[in-house]
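First up is the structure itself, then whatever we jot down about it.
Per-chain numbering from 1; labels A, B, C and D assigned in written order.
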Amino acid sequence: MTPDYGRAFALLRDAAGQTWADYTHHTFVEGLRDGTLPREAFLRYLVQDYIFLMHFGRAWALGVVKSETPEEMKACAATVDGLINQELQLHVGICAKEGLNEDDLFNTPEHPSNLAYTRYVMDAGQSGDLADLLVCLAPCVMGYGEIGLRLAEKAGDTPYREWIDTYASEDYQNVCREAGAVLDAALARRIGDDLTAAPRWSRLSHRFTTATRLEIDFWQMGLTG
Amino acid sequence: MTPDYGRAFALLRDAAGQTWADYTHHTFVEGLRDGTLPREAFLRYLVQDYIFLMHFGRAWALGVVKSETPEEMKACAATVDGLINQELQLHVGICAKEGLNEDDLFNTPEHPSNLAYTRYVMDAGQSGDLADLLVCLAPCVMGYGEIGLRLAEKAGDTPYREWIDTYASEDYQNVCREAGAVLDAALARRIGDDLTAAPRWSRLSHRFTTATRLEIDFWQMGLTG
Amino acid sequence: MTPDYGRAFALLRDAAGQTWADYTHHTFVEGLRDGTLPREAFLRYLVQDYIFLMHFGRAWALGVVKSETPEEMKACAATVDGLINQELQLHVGICAKEGLNEDDLFNTPEHPSNLAYTRYVMDAGQSGDLADLLVCLAPCVMGYGEIGLRLAEKAGDTPYREWIDTYASEDYQNVCREAGAVLDAALARRIGDDLTAAPRWSRLSHRFTTATRLEIDFWQMGLTG
Amino acid sequence: MTPDYGRAFALLRDAAGQTWADYTHHTFVEGLRDGTLPREAFLRYLVQDYIFLMHFGRAWALGVVKSETPEEMKACAATVDGLINQELQLHVGICAKEGLNEDDLFNTPEHPSNLAYTRYVMDAGQSGDLADLLVCLAPCVMGYGEIGLRLAEKAGDTPYREWIDTYASEDYQNVCREAGAVLDAALARRIGDDLTAAPRWSRLSHRFTTATRLEIDFWQMGLTG
């Protein structure tokens, strides 16, 4: 059972095939579920994820720059503010409990896997239009939603319950559904209703799969540094 | 008496000289103050200003893309959301009373003076760094604050009291002071504390004056179409 | 008889209708043809056109940034170098004969009509993809080719023969045909073969017409300053 | 003995310290020198380097977009054309001898180390100004020049003599000296003459070192895939 985050996501997810499964069922994810993930791996991930979120905020801001309608602008702008002025602060709070303040986070050397992922997304936006950008943002937004839901259902006794609950929450599931609706509308506007028949489909799908591949590298960075 | 919106603004304003006075004391502005501005001129302005605000929202979003610190990101992101999900809606409300819905606004042909101003700002951001962008955003943000304050004090019996009060309000004056602080910090970070001695000063000052010149054209567009 | 610069251009030109005619038969153009254009109007145009060409070079460079294939990159890169390291120098040569050196040109205050046009094109590239950018570049490239051809055939005794011959030349006509081929390929790749049926057609066509409108303002600037 | 590619490069190189040595004396480089580099490692590098050069061409094109003077534009535009319409074709020629045509090259899946490096550079340009971009481009341009010179002097009997000679050639050394002059002028213009005392120095130096670090990962990708 996969959650319904819209038509485009379902098609892009299918096209990504095994790569999607490798991302959403990565050893790191299974370790969150059954509690076997070493604490240091989680912390390594968390610190890099702070930097990731800053660039993710920049990428959604680039979405505002590239919007063509008031609806697109409003949706992207709300996400920018949500990410930077709320989610990032939540993150800072979790890290503070581990003894890391925001300056530590901000000054952490960025891992190459973090650079590769975030800058690939930024450049997709610089190179193409809003469709190119949104298909790169989808694997993170919706992948975490899908992982959160599955883990909430199947998780054992795990110290990572808070992480799981965040992404399984109705709030976050709404974020995924709204992002899916924005993606559907943006693609309909730019490539038409018959998504897979559009000339840009293979390139957009390739971008989605590349971003998914970079998510796998991000989990791996958490595991092995 | 000019309001205190920070060091950089005061220096840029001085450097703009007569151009700044021509902007803040434009016939359009004096017409708002004494109530002689024709209603149709105000409406012409209002409709174009809706489109202006959309691009202004895009420009602040570009500020998020170009931020180097969490503080810069947070300030720009808050402004993006404020502009797009609040101020723009206020605008829609005022226009609705005049019988114009948001689709009408969005589909109004953009005046060349609007194109010149908004796209100049966007390209300043694309071409330079956050300092280049912020000095282009300052004349609008702070100029309206300064105009609002002066008009609130000196306005006669005018149907444009609501417009004046918006920009004279403590809320809007805070926006100006915060934008001034962001500008001061962004310039200190990029060109140092001795602003007028920095190699980039003449170019940054030229950008500020150019944007001010484009504000004059914007008022003129309201007056004469 | 209109020259054949490819399918997309023909369709965009048709869609622009009277606006296209107003541009290609502007009083300024007719003055070049019959020699009635005042010298000072021509010089005013020439000086602003130097600044225009610099930004046009930037815009084709943005085309390289936004290319998706080696063919797109090669075509845009060749145009960038041609514009900046050749055409711009030709321009400098013509102006030198009039007693203006390159520093004078570079430091001329930019006219609002110049700002509006060039920055609109740059922002179209920042906002959209290569298709959005190329349809904004087409009116200038191909319009000058069409004007050049017509004037070469119909020009009377005019001091502007050199200008006319430049754009009527086989060299420049090849530039137009190649730009047309790049545009055709870029659109086929992004919106498919049935151009006018594609969801993006109306927006792309609107961009072409807007750029054409800004060409009219540019001639007008030459005439009336 | 290090070659003289200008003031800024010398200071940035010093600041990068051991990271610079790790890049220019990487095992891959020593394998080119003494001929012990496995052919398959060289080919793996060559194929990824084709993709790298395409993005490097895009990055120099972004330099045109971000230029503030005719000199900056001309230098960047010449480099764009040189890279895309000449150097890239040289590369295609070498690969053709190995049985790889340009379509094969273009369609090779991009390695994460390639993504990380090229997109980091593109985003530095999107985020900052020309100075931010040029310091990211310097390690590749000048590093290859320095490596070429040293290897030409010290190389034994190696099948990679052609590669070495390309970068040791007077032609390529001129490219390095010109890039160094562009960098010096761009920095003087933006941060002043006392480079290391400028507020932006630590950030620019950090960018240079980060790009150098990504060069190391690029060699490593050649060695180990």
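Observations on the structure shown:
Please note the rule applied: contacts are C-beta pairs under 8 Å (C-beta built on N, C-alpha and C of every residue); 3 or more make two chains touch, one makes a residue touch a chain.
Since the model is a prediction, treat every value here as computed from it, not as a measurement.
The rotation relating subunit C to subunit D, fitted on Cα atoms, comes to 180°, given as a multiple of 5.
In this structure subunit A contacts its sequence twin subunit D using mostly the same residue numbers, the overlap exceeding half. Among the remaining chains, D is positioned farthest from subunit B, on the basis of C-alpha centroids. Inter-chain centre distance (subunit C to subunit D, centres taken as mean C-alpha positions): 34 Å.
Here the spacing of subunit B and subunit C, counted between their Cα centres, is 32 Å. Between the CA-based centres of subunit A and subunit C the separation comes to 42 Å, rounded to the whole angstrom.
Within subunit A, residues 58, 65, 122, 126-127 each touch two or more of the remaining chains.
Taken as a graph of touching chains, this assembly is complete, with every chain in contact with every other. Of all the residues in subunit A, the ones that touch subunit B in their complex are 54, 57-58, 61-65, 67, 69-70, 73-74, 76-78, 80-81, 83-85, 88, 102, 106, 122.
Looking at the complex, you find that subunit B touches subunit C at residues 58, 110, 112-113, 115-116, 118-120, 122-123, 126-127, 210, 214, 217.
Listing the residues of subunit D that touch subunit B in their complex gives 65-66, 68, 126-129, 132, 188-192, 198-200, 203.
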